[in-house]
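A, B, C and D label the chains in the order they appear, each numbered from 1.
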Amino acid sequence: MDLSFSPAEEAFRTELRAWLAANVPSPSLPSGDTAEGFALHLEWERKLFAARYAVVSWPEEFGGRDASLWEWLIFEEEYWLAGAPQRVTQNGIFLLAPTIFEFGTSAQQHAILQKMACGEQTWCQGWSEPNAGSDLAGISSTATRDDADDGWRLNGQKTWTTRGAFCTHLFGLFRTDPSAERHNGMTYLLVDLDQPGITVRGVERLDGDEGFAEVFFDDAFVPDSMVLGEVNKGWGVAMATTGSERGLTLRSPGRFLATAHKLIDLAQQLPHDATPELRDRITQAWIDAQAYRWQTFWTVTKLVEGGHTGPESSMVKVFWSELDVELHEIALDLLGPHAELVDGEFAHWMKGYQFALSGPIYAGTNEIQRNVIAERVLGLPRK
Amino acid sequence: MDLSFSPAEEAFRTELRAWLAANVPSPSLPSGDTAEGFALHLEWERKLFAARYAVVSWPEEFGGRDASLWEWLIFEEEYWLAGAPQRVTQNGIFLLAPTIFEFGTSAQQHAILQKMACGEQTWCQGWSEPNAGSDLAGISSTATRDDADDGWRLNGQKTWTTRGAFCTHLFGLFRTDPSAERHNGMTYLLVDLDQPGITVRGVERLDGDEGFAEVFFDDAFVPDSMVLGEVNKGWGVAMATTGSERGLTLRSPGRFLATAHKLIDLAQQLPHDATPELRDRITQAWIDAQAYRWQTFWTVTKLVEGGHTGPESSMVKVFWSELDVELHEIALDLLGPHAELVDGEFAHWMKGYQFALSGPIYAGTNEIQRNVIAERVLGLPRK
Amino acid sequence: MKFSFTDDQDAFHDAVRDLLAQRCTAAKVRAAWSNRTGRTPDAWSALSEMGVLDALRPESDGGLGLNEVDVIRILEATGRVALPEPIVETMMVAAPLNLASVGQSASVTIPESPLAPWANSTDVVISLAADGLRAHAAAAITCTSRGSVDGARRLFQVALDDVAVASTHVAIAFRRGVLGYAAQLCGLSDTMLALTVEYAKERKQFGVPIGTFQAVKHQLANARIKLEFARPLVYRAAMSLATNDPAASMHTSMAKAVAGDAAMASAKASLQCHGAIGYTTEHDLHLYMKRAWALNAAWGDAAWHRRRISNVLLSDAQ
Amino acid sequence: MKFSFTDDQDAFHDAVRDLLAQRCTAAKVRAAWSNRTGRTPDAWSALSEMGVLDALRPESDGGLGLNEVDVIRILEATGRVALPEPIVETMMVAAPLNLASVGQSASVTIPESPLAPWANSTDVVISLAADGLRAHAAAAITCTSRGSVDGARRLFQVALDDVAVASTHVAIAFRRGVLGYAAQLCGLSDTMLALTVEYAKERKQFGVPIGTFQAVKHQLANARIKLEFARPLVYRAAMSLATNDPAASMHTSMAKAVAGDAAMASAKASLQCHGAIGYTTEHDLHLYMKRAWALNAAWGDAAWHRRRISNVLLSDAQ
């Protein structure tokens, strides 16, 4: 057991910290989930890319630094601690990219990855449909073979597509075998949203931002070159990476460590006897952020040593999503009458609370995750 | 709305309080869930009966005072506040008696009720069986017609029979129609345990007392006169009273008000800065005890005005059982290293904690109650 | 002991409930989010005509001369529809003390917060301060707009001059306001749970309505239990105010604490059971949820009121 | 960064685990409840022979010269079987500081409590006091028996005379003890959850195994999550002690707090999912559950350790 970072890792942290101190925008950018804010965030992404901080863990040829998982965790800790902007590219770089690295052809990798990393292509997810939320296997959007054009014709609708109104591309599952059911007969497609057969309608999210979109497909086209993995085997492609080492990238501990720090700062800012009853909850939330950090280090060590993660990732998702809600609830309790404000110096807490409330819902509701934990970690019977 | 008690009710309270002050045993009796303690508790019950405090809400002819529900609630508040002994007769007087008042023949009422009230007959429940716990309709013990003796022959096994090792009688459901299934074809029988065909085996409970029993039936006999309600309609008899006005008698608010008082006394006893973090939980638990009191007053007013309670009683059961656990958990946290002790001045908290933990399990697990609330109070679909 | 309402009280409540069902639909609340004042003038004028706003004003001053018990469920009904109006401020704080004239509306600030709801469209702004109670003609004060998470609840930071009026009434005015907010929170819980039950019956996943899943059932049952045990404390506190019970301050704090907790729990369970659809502003849930968040925070949140109670209960501590 | 154990550490742990599986079965723990000392001499002597008790004692003094990381999972394994022995006191407190001789057993009291487990059958009784650390020959002290909810954990209130030994070691001895209890609590959680999963697979109600109900699944999942995030903090605290990390005190308090919470949650979920059968002493669950209650309370419960952390984190408060 060695719980210190190497000199190279510490140097990486030091260099990064200095760069962030010099470059993180102040005041903060407006929300990246609005058209105007999205554009400003893409500017920031280009700056990150230029400094080779956009995708530190990727190979150098695609704009990364070949950074280790440890360096990636350091990056995340420093990034969020510095109060740097949200990553509007995240669904591409954190969710699609690992799948492309694993399943994509070399041509796909070269066509997509660097453009994604520098913000030239922005990717949104196309999983959920009106009747396929928690029950993802209920997808009914279709991709029909178009031999004439060597590709596929898409029809149907995707929904709850985060930042779908601003992105250039979408990745998701479509039914390619109409005779198959549930998890079978779906294909993982990479779709250019800028084409005639596609209509994107922004949907206002809880916090007032147009962060969601509905995407309608009316004979839209995807060429064969944009099929990821095998035709009709899309479910496997989509699932294979969820438990992989990059699965931990959705919400790294760095975010919650930073929020816990901010919460303690907030508590210290208030009259010292204002809320003795909240001390215990503040401390527990801070401990939980530490626990997440060390549970991650434990997992990453296993990965680095050649192991892999499995259904344990469901525990991680429940833990961080509920910790995030708790951190913000404590802050709102500390703020008292100021909690409801969405302007002024404390507004980010109510904004953050609303964002945190999406955590137990998206990426598989926590109810689904708890089923997975019970069945696949504990071994309880499915039915 | 009138939230005061009448002069007669206040007089009842005053007289009762004085009687309790003069008569409640000190030091406390040993646990009534041991053979020795049970005998001492029966002595106490006889004393209560002599003073007409054993069953205040019953008609005078059976040893009661014809007390109103309000007086009964006052009785409970004063009784538990005075630190009076547990009621080892409770499964008879609170659970069986209301059923006998509703379904029993006059002969049954006169044969049983007064003997029950004075502790001459002590009654235990015979519902659960090894394969029928939460799923009460899974009962398989049988009562077979014995025309020769004008009665029924019992075979099978009951379990988790509280104080079964000390009681003289048992009430419960037995299958009388072998062709019927689930809720059908059962009969509510009143069984004398002192007969050759019955074997009672005490089972040690979590807290070390022999509070449970297994009861084995091997051609035991029940005469027709001890069938409560109609043959084969026992399920209806058993269920009809659970939602009735007496359904609230299982655990009245008085118990939890008394425990909340004791908790505050305990907190005041400790150094005043010992546990600032626990203040919020102490206060919330105290408020919850108050909330239970007023929710009961609300319900009782409805009953007195001719209404009746329904599935709302499931909310009550979840509420008091989880409040009881919380009250004791806070006490254990206050006690710190003394929490584990089962002797000395604080021992009753660990003893009480163990008892409280049975609350979410017995009388229908809280999981079952929550299903009932969801389906019958909120109207969510069963399947 | 009779812990229930009279037929007259029932009738008054039912009339107001029916009126609000017409005049304060979800569509009208939604419209208020984007109108100038955030308010629903139709509903307000109807309430005024019915005498609701002046229910607690003495009859000699042109009111109905009713008490807190008479109106507590009316306030609950205004919560149930998320009425975007200063009803608590006007009916509970201003009218009983004659701090606004008949027909006038009022906004109120409390010592802990300079935020006055709808202060740019009310006739009077009242400040409750530790040392006194002050009423100001709205025209005479300076309002700075602040954003509430609830888009219909227009907040203003007000700078007030110092004209003490009746310091002995500060405590009673504060309790009435707290009680009013507590009642509204109960009504909001009702609506959120009702919306969610309807959704859970209809929404299917894995081939069945999601309302058949125990995980959904139990979340909603838990919220419903909280509401069941909150409401009686709210009604009890109303009676305490109506009868000048010496423990009225404790009782109103208990009411606000439990009603706030129940509403926060109802909001959280409702959002979770709705899933993504509840996370959009296209669905009505957010109208009620955001009001619940705002009203829980205002006039002392649950933790704040528990602390007041702690200071009485645990006298030797802190 | 390498947050995992070495092959040697794994091998040592596995050997002890296998030994305990033989020598400390549930039946043997149950037997200890009614024997004279509450202990399991077979297991103890085997651990002594393997050198486990003296693992942290310097090699020069006849020990194995290992550190806290080397033994942390061994302590966890002793928790997993609810070993009724003063292993934490002997191995973590007495041996490293040479407060007992090789082969001797020790009992320990802390400033917050005069209760010493198994003090009538150990060779040495050590008291950690604010102003110093004292070791006493067991024969020289007066023991008054006290009852623990855990029948194998024999407690004694000890009256000790005053012979200070090495005050600078009080803090380190305390941390080692806290860490040992934290590790045992993790092991106990493991066992309680494993027992419950087995039961929930087999026990049928309503025609299906109760483990298929979401209400059962989610309760157990919640406890399992707590354990998942507790264990790494326990291992991290072990490393902090092994490397004299300046934050070792924080780390051990965090470990005890989260391990205690996880064990309490595991106990509660396990009992609830077992139902009445778990509420009897005939079922083994209670052996582990009561140990969990006792060890959570001893050496500072979760709330107490969080308070220590609060005092560092929230420096200007209180």
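Definition applied: a residue touches a chain if its C-beta (ideal position, glycine included) is under 8 Å from a C-beta of that chain, and two chains touch if they have at least 3 such contacts.
All of these numbers come straight from a predicted model, not from anything done at the bench.
Path length between chain C and chain D in the touching-chain graph (shortest route): 1. Shared contacts of chain B and chain D, meaning chains that touch the two of them, come down to A, C.
Of the two chain pairs shown, A-C and A-D, the one joined by more C-beta contacts is A-D.
In whole angstrom, the spacing between the mean C-alpha positions of chain A and chain C is 38. A separation of 39 Å divides the Cα centre of chain B from that of chain C. Measuring from the averaged C-alpha position of chain A to that of chain B gives a distance of 52 Å. Across the assembly, chain A contributes residues 273, 276-277, 279-280, 367, 370 that each touch 2 or more other chains.
Shown for chain D are the residues that touch two or more other chains, namely 213-216, 218, 303, 306-307, 310, 318. Because contacts link each chain to all the remaining chains, their graph is best described as complete. Every residue of chain C that touches chain D in the complex is listed here, in rising order: 213-215, 218. Considering their complex, residues 1-6, 9, 70, 264, 267-268, 272-273, 276, 279-280, 282-284, 286-288, 290-292, 294-295, 297-298, 300-302, 305, 312, 315, 318-319, 367, 370-371, 373-375, 377-383 of chain A touch chain D. Per the touch definition, chain A reaches chain C in the complex via residues 128, 131, 133-135, 138, 159-160, 203-206, 208, 212, 273, 275-278, 325, 332-333, 335-344, 347, 350, 354, 357-358, 360-362, 365-367, 370. Only residues 276-277, 279-280 of chain A touch chain B when the two sit together in their complex. The part of chain D that touches chain A in the complex is made up of residues 1-6, 69, 193, 197, 200-201, 208-209, 211-212, 214, 216-218, 220-222, 224-225, 228-233, 235-236, 239, 243, 254, 257-258, 303, 306-307, 309-310, 313-318.
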